[in-house]
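First chain A sits with chain B, and in the next complex the same chain sits with chain C.
Here is the complex of A and B:
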């Protein structure tokens, strides 16, 4: 029964991938710069494998409740089933409380992935807004805003996070997203600002000004579209970092709080046990490594496909 | 004919700053006090080497760059003192066509969206009406109306320049700054774009400020020509007069470099020595004196800034050694002159006619 559900999940993610592919093909036929970039991405074998894998991970996160064989927080049989290595009934083994590790990893996927995605969404939004403002305003405002970024970037992020957690202790998931998101946008804003600085002197922007376009129109129609590709690549590459950061914080016990499962705190549960339950570190560890690697590969592929020099072929 | 545009003592200095606090340590005098008029319906050519300030001048007139000082009057309206809201209304009447047909079109917008933008900004047309207007504009500049759904990168340089012209025409301007509109194009395509600009001028009664570094192009299109050197206008005359008898030695040197399309005619070129001085540190007196070949050049040239004055009917030039000049011989002597002004036309140019 469980096997059927997993097969369905794999089929579903493959179907989504195929549908996305067809959509791309249609956009590519439209001839727009995004269409050609997506067509280029389709030819990137590594990128496509990574994309398929991520779609699968996303499916797992979405349908965690149906794909997990057990309730992740229920202690199945504390006497007979605690700390069991992988078996047919429990492919990823069980933890010291006799909870099914596969179920915990599946539910952890949901938590880890959504925390990372929401956090990166937040930091990209804030970073883009801040960087665009600084770059577009220019002059003194830009100088002040960028000195602030220099100062913030000089503090190591993990130190900043530990200081925050030392201040507030254990936090809810929402607060964790806020904290991760609001400490991750500094580098993005710098990247965006540099791009905006070069875009705003381009003749197409001067042409828009000559036509009498207002600032809002110039920013939304002529500057931000030019920044999107940079931001998309930064977000994809950044998401891997956030996953690792969240896992690290959860491992240290300040991130996602038990009993809620996240990849980081499952590893932590395994590591804190003297017996050395290797399956408790290996499987969530693999999940982290593979997912982060897939995000990085797809980020690289996107960067190649969206290369701004390629967007305007001479 | 009356003046549509009048420019007086236009100055644009770009400050050179140093250090974290942006301490100004000097200025690039890109445009250093130029004055001219553009009459209704004419084409004023503005020529000069790269870096002489002609593009800056064109953009400062449209306030795409804020000028440091000076006065620009367009159809009786003071352009430089207008607040942003009223300047926007004025922009409908003054447009610009750019040099680079690649960077001047947004690669992420369709041709239709690019041409439509002005219509939307000034609320001239919407929806189906805007769509029809775009098609009409594309036809007017010699492009097929169905190109509206394509993207700029699918077109050649000449076609892209036509798109840029259609964008400018959309808001029905009366004055267009053509900032080297053909410099980036193949010679064969240059003629087509120039013909298009001339046809449009005739049909719509447009007035052009035509910026270029190619003198033969300007000779073909311009009614009058202004020659710029290091941020100054050094000669201003009707196109025929200027090409027939240039006064300013710099203009003479420029003209001698224009190829003559006749293999039988041999000509001598005036080869300028040295580089254009930096506009951050221009020479005193006449900006051209370190490179001047006029036989009467002397110490006075380095002391007296030559005024742009009438040399012949409707012919202005800035040279104290080409008579007539309002700088008297006594004044020149006081500045260390050793040679009296004398009319000089180099042999190289005599061969042209």
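Here is the complex of A and C:
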């Protein structure tokens, strides 16, 4: 029964991947920088494998309740089933409370992915707004705003996060997203600002200004579309980073709080006895590595596809 | 040159000052009383609380507290660590050399391995070696630091017990070892944490190095060198590599924050008595002054790293010296 459900999940994600591929192909036929990039992406075998995998992971996150063989927080049989290595009934083993690790990893997928996606969305929004303002305003405002970014970037992000958690203590999931999002936009804002500075001198912007367009119109119609590709690449490459950070924080016990499962805190549960509970660090860790790798492959492929310098006569 | 260094130094001071101010604001914004549970504990009399407030300047307005904070920082007074029952500075002085040792070894190893990997990949672009190394680089690049540390510990300390699981020395027997034995013991403890850090950092460096190498390899002067009839080896070694190494210097500035972050987790997993472990312990104990000091120190370290990178870059690339003036 469980196998049928997993097979359905794989079939569903494959169908979505195929549909996405067709959509990209159609957009590619339309031309333009995005069309060309998507068409190139579609021909990139590694990128397509990564896309398939990510859609599968997303399906698992979406249908966690149907795909997890057990309730992730229920202690199945504390006497007979605690700390069992992988078996047919429990492919990822059980933890010291006899909870099914596969079910916890499946539910953890949901938490880890949504925390990372929401946090990166927040980072990208704030970073784009800040970078666009600094670049568009220019002059002294730009200099001050960038000096602040330099200072914030000089604090290693993990230390900044740890300091925040040291002061605020354990936080809710919403606050975790907020904290991860608000500490992740500095580098993005710098990238966006550089892009805006070069866009500002382009003829279309100069022409728009000469025609008497208002600042708001210039920014929305001419500047922001030009930074989209930079932002999309930064978001795709950044999301892996956030997944790793959240896992690290949960591993240290300050991120996602038990009993809610996240990839990081499952590893943390097993870390007190690495040798005796190796399945508790191995499987969630593999989930992190494969997912982050898939995001990075797509990010790299997108960057290569969108960067005109990369296009070389074969 | 001197003007460049002076200007960068000034910038560095400004950056650290802003970072320190941000840290101060963070503490002010945080919920709860700096005195912690002394406030809620009914057995602490009110006048003791008042005296403590006065003693630490907590009864004064925010701007005076800020002035006090800046003055103390400038004098190198980092405050008192409640969890360690000693000045913060002492705790840092004990931990810093251990972290420096780990990070120094990792930095050198990672640069050698990372640059070599990047160059091999770029020179043999599209080959099997390029693709295999690319997959390996991406694998380590996508890995949480603490997980690699746990896996390394699992395989090389438990399953195939060649290396010790944790610490810097073997407890108890270390004192009875000969000097050579002591060195060997320390080295054996260093292998796993250092290798973990090297692999993680080398993956990042290799990604940049390959791109930098390819950037240079497609430039006109390389085509000229080939057109002159130079051998491929001479072109790659003398013309491409020398120029492609320049961006590596910038990476020094970039690598430091990552190294600091990696050190936190790896020291925690391997119980390495450095700054990273200290900060984790300090957080568990809610020792604010210790945490803040480590954050500021981390920022100073990173700023110094990028300052050093800038200066080195100017030394290596005369074009920059001209621009900087």
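One rule holds in what follows: the second predicted complex is superposed on the first by the 305 of 314 C-alpha atoms of A that agree within 3 Å, B and C clash if a C-alpha of one lies under 4 Å from a C-alpha of the other, contacts with A are read in each partner's own complex, and residues count from 1 in each chain.
Everything that follows uses one rule, which is that a residue touches a chain if its C-beta (ideal position, glycine included) is under 8 Å from a C-beta of that chain, and two chains touch if they have at least 3 such contacts.
These figures come from a predicted structure and were not determined experimentally.
With the C-alpha superposition on chain A as described, chain C and chain B fit side by side in the combined arrangement. When the two complexes are overlaid on their common chain A, residue A:293 makes contact with chain C while staying clear of chain B. Of the two partner chains placed around the shared chain by superposition, chain B is the only one that A:226 touches, whereas chain C remains out of contact. Look at A:211: by the touch rule set out above, it reaches chain B but stays clear of chain C. In the superposed model, the vertex angle chain B-chain A-chain C (Cα centres) comes to 90 degrees (nearest 10). By the touch criterion defined above, A:187 reaches neither chain B nor chain C.
Of the two partner chains placed by superposition, A:58 touches none, neither chain B nor chain C. Number of chain A residues touched is higher for C, counting chain B against chain C. In the superposed pair of complexes, A:202 makes contact with chain B only, with no contact to chain C. Contacts of A:137 after superposition on the shared chain: neither chain B nor chain C is touched. Figure legend note: chain B and chain C, brought together by superposition on chain A, show a least Cα distance of 8 Å.
Common to the chain B-facing and chain C-facing surfaces of chain A are residues 312. Every residue of chain C that touches chain A in the complex is listed here, in rising order: 11, 14-19, 22-23, 26-27, 30-32, 138-139, 141-147, 150-151, 153-154, 158-159, 218, 256-258, 260-261, 264-265, 268-269, 279-280, 282-284, 286-288, 291-292, 294-295, 298-299, 302-303, 306. Note for the complex: chain B touches chain A at residues 22, 59, 62, 64, 87-89, 91-92, 94-96, 98-100, 102-110, 117-118, 121-122, 150-151, 153-154, 164, 167, 171.
The touching residues of chain A, counted against chain B in their complex, run 31-34, 143, 202-204, 206-214, 217, 221-222, 225-226, 311-314. Remark: chain A residues 147-148, 150-160, 162-169, 240, 244, 247-248, 251-254, 264, 267, 271, 274-275, 278, 281-282, 285, 288-289, 292-293, 296-297, 300, 312 touch chain C in the complex.
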